[in-house]
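Chains: A, B and C, in written order; residue numbering restarts at 1 for each.
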Amino acid sequence: MIEEIAARFPYWMCAALIAVGLFGMIQKRSLVKKLIGMNILQSAIILFFVAGGLREGATLPILLEQGAGNADAADYVNPLPHVLMLTAIVVNVAITGVALAFLVRIHREFGSLDEESLIEQVRQ
Amino acid sequence: MVIPVVTRTRSGVAFSLALGGSALSTAASAWALAEVLANGSIRYDLGGWAPPVGIQYVVDEVSAFVALVVTSVATLVIAGTRRWAEREAGARAGPFYALVMLLLAGLGGMVVTADLFNLFVFLEISSLAAYTLVFLGGRAGMLAGFRYLVLGSIGGAFYLLGVGFLYFSTGTLNMEETATILAASPSSRSVQAGAVFIFVGLGLKMALVPLHLWLPDAYTHAPSSVNSLLAPIMTKVGAYAMVRMFLSVFPDGYLKDEALVADGLLVLGLVGIVFGSVAAIRQSDIRRMLAYSSIGQLGLIAVGIGLATPLGLVAALLHVMNHAVMKGTLFLAAASVRLSTGLSSVNGLTGLGRAMPLTMACFTLGALSMVGIPPMAGFFSKWWAAQAGVESGQWVVVAVVLGSSLLTAVYVFIVLERVYLRPALPAEGHEASEETGVPVDETGDAPDASDEGVPAHVRGASESPVDVVLPLAVLALATVVLGVANSFIVTHVLEPGVR
Amino acid sequence: MTTDSLLPIAAVLIPAGGAVLVALTTERRRNLRDAWSTIAAVALLAVMLLLLSDALDGQAARTTLLEISPGIDIALRADAAGMVFGLLASALWVVSGIYAVGYMRGEREQKQTRFFAAFALSISATVGVALAENLLTFILFYELLSLFTYPLVAHRETDEAIVAGRKYLAYTLSGGLLLIGAAAWLHVLGIDATFQPGGFLDGTTLDGAAQWGLFALLAGGVGVKAAVMPLHSWLPSAMVAPTPVSALLHAVAVVKAGVFGMVRVVAFAFGPALLLDMGAWTVLAGLSAATVLIASMLALRHDNLKRRLAYSTISHLSYIVLGAALLGPIALTGALLHMVGHGVTKITLFFAAGAIHVRTHKENVSQLDGIGRQMPITMGAFALASLSMAGIPPFVLFTSKVYLGWGAAEVGQQLFLLLYVASGVLSAAYLFPIVVRAFARSSTDHARYGEADMRMVVPIALTGIFALVWGIAPDLPLGFFELAESVAGDVFPAPVAAAGDTP
């Protein structure tokens, strides 16, 4: 299946998105922007899986005719990564949800979401 | 066969349910370990689907061992921090313990799963619970919790990316099949990339230097009932996942020869030992000191894994257990001190050897074990790691591992000197109380001249109640018992597990 | 030849049990508490005497406890060499235990319960070191000894004491780490590190680097406690401890644990044949010879009595190391005898220093003018011990020095014979002036002091007398000479290869 990675474009795309996400998470002062960076990073990885499951000229992995037991697996898109990504999306949504809840609490407590001002306040 | 560790209830609405749940899972892990030792690995196909289609759970010696360590330490810590949980969670004890159970379920799942993607899911479940628990720790804990979340999700994302690379190279997510396919096919770039991404992701979770940045704040500012729980077990399971990669996923020697992961672990582990220990010396907050000490101790585990020999893995796994027990002891003792005095600074411990003899005796045992005084558990971690280093001809490893004892002794004895030798200082450390609301000075602010300058916090301090001290004492004694029993554990559990 | 017996483990557990009893008895019932440690001391001595007859018959009693690491047991064996050290420590514990009671009460020291508990635990560890059958057991007790003596060094809780405690731990723990490294190495090599007369490494095929590496680790590890220069500087600092600690632990138990370890390393780990082959004995002999001379010279310069005695200890410890390094049966006998003789002699000197301090709070040599007239028994014993230290016949250190010198000559190293003579002169030079001051000069301080408490005077007199008795009859009553000879006989089965014979 390694040949499937021949279609290079999606991977460079993913790499770029990962870089953007990491940059946001590390560089931005606003906690919201950090969270957005995190989401970009996670989406990039989901895209990576989705793209990896694709193959040229293949169709949906659904057996349309009854009894077509000899269907050639190469004719179908690999469904497993896509299924996995459903789970991964759920996980990501959960993390994002918790993170947003955190942000709400932090904002209520500190009145700000700027990292440096928060650090400043905690120090006092 | 059912794997009881993960089928435990998550609905712990109260302390007793939580304690019962974790005690039950401890018993289940112990039973699983006995079963594995007698009959070999236990396999369980989730939902009845056989691999490679379905997800399989496998309990072998190593996973049963780690599960037992995690669940038993967790049980003791939950029992020992009840008063803290009451104070910190208050009316929300139900959700609080639900989170704790979620954490344990996630960790248990990580330990038993034999599926790479499933591991990711459990990893995120436990991490999510951990982020939230840290977040509960007041204002500073909020920030620490969010930062932990951000960094932790980077770790999870990298791990998932690595799994993606592996999957597209092998077409399977089952660990054993991955190993078989990788062994049969020539090494490729994408497998190497996958290994490196997995390494980075798990390295973040196990707080490998320089990916440790989340740890000191998270451990310091988390509620006392939480940091005693997280410190012993959270990073250990990350380390276990790393061991699992070496044992079951990648073929023998692959990570050493092809992907440089082993060497990376080795070098970062060595750096971590030195960095963590030196940083610990400079801390004035006892929890922060212990947190940095954890980084150093995890370095030792990383070194053991990085040597990538059976002996090295034995050393790493033994230290997983020993460190869980020792750090559990130390954090619980610190929590006990804080319960009684409201203080968590190193200075605040001054003179407590008299006021809280049992807590401090346990602290001393744990601390000496960390230094590596035989016949305590910590000594044998070093003993096996040194052997592994000698066997691989890595003399630097031997020197650093043994030398770290001295560094550990430095920060441990800074504390012990204060506890036992220094006369109590004039009161100066009252600040730490406002964060917890513990009444520090019940006698009011008028200094009592008759008490010869004994600070109020020591005068007022008394031994913690028995439900705090008892679990603490069990853990402290375990540092001795496990040390003496190490030969049995190694020959019967770990050596069969890593072969 | 060994017989299984519970006596060796009893010997370790009795002091430990004594420590527990001491710790459980409150300060208020201090007479009971101090009785416990005396009872434990007497019981320990009784057990050691029971073990003695077996050891003399070549039937070392042995206890195997548990497998601590695959293939390695925690095991105790009361062989002749171990008995020399074990007997010495337990016999002197009886006297110094009584002395310590007098001293601690006389000085009104704080936290005496902790002191006596740690004291008993240290003895427990010392006996463990003496009777350890293999390297790992030895390390176990060696490390515990460092740990248990730490609270004694830092006992006064002053800044100076705490700093000294840190230094002490830093040195002794480092020494332990070297040993652990060596033990791990040996274990990986598959060598059974059970101490054997003639050496467990004798006959193994190791390359030169491994031999020298192991030698550096093992000798360095025990050399720290033996205070061989340049690893000695913890010992003078440790003198801030209360005097009974300096007397029993830092003149007998701890430092002798190092020296005894050196004997184990030389004669029971490497074995004379291998060390001769490697040439490693020259390193050891060179270092220890230098230590003998330099430490004696330094002792001359110190006015503080305890520090002077500390440097004297460093010097005399290296006598023993040198004796072991000479790799001859007679030198080894002399080394073991010197271990015993120096123990009883130096403890007398420290006892006297402590008694003087309790009565007068003086700790410098220059303040001791005329003290001999006020404390005649104490200073009389001090004088006896000084004579012994200088190696004047018929004192015990004369006997041992004769053996050491004779041993040096036997292996063709007359240079070291000269060294022993010269350092005897130096010993006299740093001790005799004290005696002269004490008796010949008149006191500048006219206060009347008088003798110290009986609990201190009797032990002083007793050890002073034994410094003489053992010189005349070293076998009375504990059989040290016979033990030492039997060790030498085991290590050097005739015919003997001597160091000087090799080109």
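We take it that contacts are C-beta pairs under 8 Å (C-beta built on N, C-alpha and C of every residue); 3 or more make two chains touch, one makes a residue touch a chain.
For clarity, every value in this text was computed on a predicted model and none was experimentally measured.
Participant: Viewed as a graph of touching chains, is the assembly arranged as a line, ring, star, complete set, or other?
Facilitator: Line.
Participant: Just to be sure I understand: the centre of a chain is the mean of its C-alpha atoms, right? Then which chain's centre is nearest the mean of all of them?
Facilitator: B
Participant: I'd like to verify one number: the distance from the centre of subunit A to the centre of subunit C, where each centre is the average of its C-alpha atoms, in whole angstrom.
Facilitator: That pair's centroid distance is 69 Å.
Participant: Centroid of subunit A to centroid of subunit B, CA atoms only: how many Å?
Facilitator: 29
Participant: Centre to centre, by mean C-alpha position, how many angstrom separate subunit B and subunit C?
Facilitator: The separation of the two C-alpha centroids amounts to 43 Å.
Participant: Going by the contact rule at the top, pick out the subunit C residues touching subunit B in the complex.
Facilitator: Listed in rising order, the residues are 66-70, 72, 74, 136, 139-140, 143-144, 147, 151, 154, 157, 161-162, 165-166, 169-170, 173-174, 177, 180-181, 183-185, 187-188.
Participant: So in the complex, the part of subunit B that touches subunit C is made up of which residues?
Facilitator: On the subunit B side, the touching residues are 368, 371, 373-375, 379-380, 382-383, 386-387, 389-391, 398-399, 402-403, 405-406, 409, 413, 417, 420-423, 484, 486-488, 490-491.
Participant: Hey, which residues of subunit A end up touching subunit B in the complex?
Facilitator: Going through subunit A, the ones touching subunit B are 1-2, 4-5, 18, 22, 25, 31, 34-35, 38, 41-42, 45, 48-49, 52, 80-81, 84, 87-88, 91, 94-95, 98-99, 102-103, 105-106, 109-110, 118-119, 121-122.
Participant: Looking at the complex, which residues from subunit B come into contact with subunit A?
Facilitator: The touching residues are 117, 120-121, 124, 128, 131-132, 135, 139-140, 142-143, 145-146, 149-150, 153-154, 156-157, 160-161, 164, 167-169, 171, 173, 188, 190.
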